[in-house]
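Listed below are the structures to be examined.
Here chain A shows up in two complexes: once beside chain B, once beside chain C.
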Partner chain A sequence: MIARLTRHPAVVPIGAVVLAILIGAVIILLAGLNPIDAYAAVLQGSLDPRNLDYTFAVWGFICGMGLVAAIPLRMGEFNLGGNGQLVLGGITAYVVASQLGLPGIVAVPLALIAAMIVSGGFAAVSAPLATRFGIPIIISTLLLSPVAVAVASYLVRFPLAEKGSGNAQTPVLPEDAHIWSLGDLRYTSVGLLLIIAVMVIFYVVDSRSAVGFELRVTGANRRFGEYAGLKPGRLALGAMGSAGAVAGLVGAIIVLSSPYRFIDGALISPGYTFAGLAAALLAGGRPALVPVTAILFTILQVGGASMERTAEVPRQLSDVLQGVVIVILALRVVLDARRAGAGKDS
Partner chain B sequence: MSIFEWSFVAAVLTSATPILFAALAGALCAQAGVFNIALEGQMLWGAFAAVAGSYYTGNAWAGVLIAVLSTALYSVILAVGAARWKADPIIIAIGTNLLSLGLTGFLLRVLFDTSGSFAPQGLAGIGTMPFLAGIPVIGDVFAGQSVLVPLAFVLIVAAGLWLRLTPGGLRLRGVGEHPDAAATLGIGVARYQTWVTILGGGLCGLAGAQLSLGNVTLFTENMTAGRGWIAVAAVILVANKAFWLPVACLGFGAAEALGFRLQGIGAPQQLTDAAPYAITLVVLVIMRIVVTRRRANTLVPKETQA
Partner chain C sequence: MSTAAVELRGISKRFDAVVANDGIDLVLARGTVHAVMGENGAGKSTLMSILFGLVRPDSGEIIVEGEARSFSSPLDAIAAGLGMVHQHFRLFDSMTVAENVVFGAEPTRGGRIDRAAAAARVLDLAERYGLDTDPQARVGDLSAGARQRVEILKALHRDARILILDEPTAVLTPSEVTSLFTVVRRAAEAGTTVVLVTHKIQEVLDVSSEVTVLRDGRVSGRFVTAETTSAELVRAMTGREVEIVANPGTGSLGDTVLEVEGVSVAEARVERVSNVSLSVRRGEIVGIAGVSGNGQHDLVAAILGTTAVSAGRIRLGGDDVTGAPVAARRAAGLAVIPEDRRGEGSAVTMSITENLSLGHHRQPPIGRPNGFGRGWMSLAGARRRASEQISSYDIRTSGEKQPVGSLSGGNAQKVVIARELSFEAPLLIAEQPTQGVDVGAIEAIHGRLLDYRASGRGILLVSHEISELLALADRVLVMFAGEIVAEFDRTQASAERIGAAMAGAAAAAGEEWTA
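For the complex of A and B:
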């Protein structure tokens, strides 16, 4: 009975999270602070009914960035350039929404689509770099990302800067170009519905379509995929393009939502990219699980600030816990090997 | 040659040295068949440990030693996880990189009660080599550098010779090239990979120490800022030939030093910051084109013979 329970597929991710939380508690104790206060503050800060609006918005962003990592992960590739793709989408959406002078009903969808195209195209560059020039996707995405971040940072500081402001930010978008909010909520907007729609699309494509199957076959065994006539180059192009497009969408939604402007660093500093990556790894790349694992990292991210305020535990603990979860997940193979050994004995 | 130009050469060396140490670590791991992309996080940890060590002991060399030992210890996660337990080195590296980013920021707040950067008064940096000042050219380039700068080149040459000339080096290359064959000959593949990864951790500790106590004397959050990834790119670029590493790393050092110069004459900092990454990628692409073309040229006669 117990043996059957420990073989349940949920044991590993849940165990990883529990272990990470315990390690985090030890770190907090070593720092001379109170772990129970800290974790209580995390939960209170993120699940307080007054904050739920913001928490839901962040959950959407982390889910989105989870897809950005999960789509290439399906074929065994790592996209670590989420920051660059996110920022490029944000700046594109800002330019389209502010500079073209279109009415809102056209400007908002156009800004979202433009952001998806630009970021998708930018991310897709990594595919030929891998197939033609043998530069691993994990390396090229990481090298391209700071270039995009720098270009966006330059644009915000000089050509698009708000005149007379000390901060590196653009002027506020015209009222017309704000993304439609849901009811009178401040942060949660139509953007959240769009991200949920994208998650559903990914789920359906992954589990019900030929392309999704090809992607998973390539991820499971690339040489078998090639033997079966699949084209990893073309799959990588599609996977990276769609991952980039999702990142662009998330960036666009952030910029078109409150405070309705592009602030330098505001898209990167909350760490959506790596929270999303951690969520995708914890979900094992499975589309249906990403929104579930994203909840954990959303709570950590949103609650981090209140943990810092009330329990004096620095919010960097969230990054520590993300790292620990990923390391534990990677090391779980030891457990698998143990189990296989135990299975042989019985 | 004016002093101005030699000072530029010195700036190139300063920028290149941390990358050089990390790239050497990556190259040694690559020789043993370990894909080590944890350089970035290990280097960041090394930079933090060096500053913390120097701050608490008041001695820069104690800081360097603490950086080397603690980073080697930190790399045990990757070494044992990837080499012995056969876990995915990429996922471990992503985790440890994120972990050291979080942990250094966390400890900065907890130990020194500051965020962003830590530059206490009187923090001891690594000694320079003023005794070289009188010598022309060498003095201009090296006198103001930390002792670790020439050490990087000595270590590269030593590593190259070790790989080529000693039985241990041969076994290491064998482990990377054909692990099964090496195992057949009675070589402990996992043991070689484990120790070389830990050695790489020590080198990344040196890289971090040079960055935080050699190039400057302070620690800032995420101060490695992608240098570890440039080191990984350098390893891929030279295709595991340790002797070519200095050339590649000096190229990246030149890109960074040139960036500082251009900033001095008014180029926007954002664009010069991005230059090393863009240049790295462009060089990788060009190298691949050159290599494939050369390979194609040598293949043509063979095919016509057949």
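For the complex of A and C:
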């Protein structure tokens, strides 16, 4: 019975979270502070009704970036280029929304779509790199990402820079090109609804469509897929293209939301990409679980700031906890691969 | 002190709804070979896994050499003197034969693995037991038969006093089986106790001294081999007589569905297949015999398109598909039952339904080929189709959602067969189609293959079982060292002649030789 319980697929992910929380507690104790106060501050800060607007917005971004990792993970590929894809989407959306002088009803959708196309195309490059040149997707995404970040950084510092400002940022977008808000909420906007819609689409495609099935087969056993005539190269192109498009969408939503401009580093520094990756890994890529595991990282992310304020624990602790979860889950992947010869058949 | 090496008392194990073992008693006398038989899913592997500490019984006692034991892992079992060769391979593909054999019990020198000593040890064991192997070869490059030898060497290396062999012969050729049994007999004479799980009655009669038969998780018969007959064993296993399917003989031949012309396959500059030509016509079963590793599998991979040819042409139903991708070949009319069920023929973590659906998932009743629903699957359709196949192929399972990896070996094989036969492709390639399936199911599958031929389709049958080739094939080609060295038609074929040609005695088969 116990043996059966310990083999349940949820054991490792939940164990990883519990272990991370314990390790965090030890670190806080070593620093001479009170872990219970710190964790209480995390929960209070993130779940405080006055903060919920912000918390929801962050949850949406982490869910979005969770999909960016989860979609390729379905076929066993790791997309570590979320940052580049996110930033490229953000800068594209800014350019379309600000430079074309279109009315808002056209500018906003157009900016979102353009961001998705550009980021999707950028991410999709990794697929032919893998099929034609044998560069693993995990490597090419990791290496291409800083290139995109640097290009965006250049654009915002020079051609698109706000004149007379010391900061590396663009001017504020015209009012017309702000993303539509939901009532008088400040952070949560129509963007959150779009991300939820994308999650629903991913769920349905994953479980009901032929392509979703083919992705899962490839992820479960690539040789089986190839033997059956699936084309991993084409599937990777689709998966990476869609993952990039989602990252572009998230980047565009962030730029079109308050403070309505592209600020260098502002898309990357909150760590949505990393939190999304952790959420996707924790969910094992399963579409229905990503929004659930994203809650955990949202709480850490949002609560981290108030933990710093009230319990004097630096917010970097949130990153440490995320890191611990990722390391444990990655270890599992490695161990599973090692044990692959030792499955059950018979 | 009793003479029993192992005594199992009242072993029970249930997996959710399935009772895999139900109060099984088994006594293994020291220094004997004890056969365990039973239909697919009868609980043989579960019982062996319990004895080896891989699975915990819900109840029951394990007594090894007079001492009650409770193994919490195979390491405990190994320490108690047990060794097991599993039904499917548990080897590291990226490591060499020597590394695999000594893994977990490495000879060391100054704290590091002593590779030379490991290789010497492997060669020594291999020679002593007559198991031909190359210690430096990478396991991933080996044929199934060669991997099986590595598994056996692994158990021998650890000096197991009690050796569990779970279907060790499922993928071996007759000569390999003979040499394995020489090993088994030698080990038993030296005092090792051997448990042999197998579906092959002849093997049981040849090598064992006692037989225990399981049915639905219980012991349904115990026999002293010398006093029993194969009919009696079959009845204990199945509860009925199994009819041997008679081959009605060649019908009328139709168009050519497969034409292989001067095909060579080279891998890392080694020629695996050299200049092979053959053809299969509608209404014909063409057999390929050969000791595993003589290029049969590379030839199949070249026809399927998972390996590139270095020379020659391949035509399926008239279309030249030499450079075409797998999908185009399957669309041109090809289905394949592969030799490597777990590595290539299934996704063990996915359900029976999903495994049965792959390749059919864009056609009705699962997919909608055109119109509004194009690209979408009907999960209800997939489930319905799966449960039909589960009952028509007699797949023993707790439900169509069960992952294929937790099915018994023979039942997992039936999943692969059901999926590939249901393509109804003009050409079927069947590699070891009956590996691991029980006597009754073998006859059922043979019957289906003969029906397949009778329906005007062609089959290329690759098998190590000469009896299978003789029962089904209209012509038998023999491969040796990548070449076709002999061809026999139905009337000329005999076990002796095929066996001699497989051993490389092309000259002896000179009269039958056709290029």
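Note that in this section the second predicted complex is superposed on the first by the 317 of 346 C-alpha atoms of A that agree within 3 Å, B and C clash if a C-alpha of one lies under 4 Å from a C-alpha of the other, contacts with A are read in each partner's own complex, and residues count from 1 in each chain.
One rule holds for everything that comes next: a contact is a pair of C-beta atoms (placed from the backbone, for glycine too) under 8 Å apart; a residue touches a chain by one contact, two chains touch by 3 or more.
This one's a predicted model, so the numbers in the text were calculated from it and none came from an experiment.
Visitor: In the overlaid three-chain picture, which partner chain does A:Ile326 touch, first (chain B) or second (chain C), both, or neither?
Guide: A:Ile326: touches chain B, not chain C.
Visitor: Figure out whether A:Ile21 sits in contact with chain B (first) or chain C (second), or with both, or with neither.
Guide: neither
Visitor: State whether A:Ile117 touches chain B only (first), chain C only (second), both chains, or neither.
Guide: neither
Visitor: Counting residues of chain A in contact, which comes out ahead: chain B or chain C?
Guide: In the superposed model, B touches more residues of chain A.
Visitor: Applying the touch criterion given at the start, work out whether A:Arg216 contacts chain B, chain C, both or neither, answering first, second, both or neither.
Guide: A:Arg216: touches chain C, not chain B.
Visitor: Of the two partner chains, chain B (first) and chain C (second), which one does A:Ala228 touch, if any: first, second, both, or neither?
Guide: A:Ala228: touches chain C, not chain B.
Visitor: Quick check for you: in the superposed arrangement, does A:Gly134 touch first (chain B), second (chain C), both or neither?
Guide: first
Visitor: Report for A:Pro146: first if it touches chain B alone, second if chain C alone, otherwise both or neither.
Guide: In the superposed model, A:Pro146 contacts chain B only, not chain C.
Visitor: Touching A:Ala40, do we find chain B (first), chain C (second), both, or neither?
Guide: After superposition on chain A, A:Ala40 lies in contact with neither partner.
Visitor: Provide the residue numbers of chain A that touch chain C in the complex, in ascending order.
Guide: Residues 3, 207-211, 213-214, 216-217, 220-221, 223-231, 341-346.
Visitor: In the complex of these two chains, what residues of chain B are touching chain A?
Guide: Touch list, chain B to chain A: 37, 77, 81, 85-88, 90-92, 94-103, 105-106, 108-110, 115, 226, 229-230, 232-233, 236, 268, 270-271, 273-274, 277-278, 280-281, 284-285, 288-289.
Visitor: So in the complex, the part of chain C that touches chain A is made up of which residues?
Guide: Residue positions touching the partner: 45-46, 48-49, 56, 86-93, 166, 304, 306, 325-327, 329-331, 336, 338, 341-350, 354, 357-359, 361-362, 367, 375-377, 379, 405-409, 412.
Visitor: Within the complex, which stretch of chain A touches chain B?
Guide: So the residues of chain A in touch with chain B come to 27, 31-32, 78, 80, 129, 132-136, 138-140, 142-144, 146-147, 149-151, 153-154, 157-158, 274, 277-278, 281, 314, 316-334, 337.
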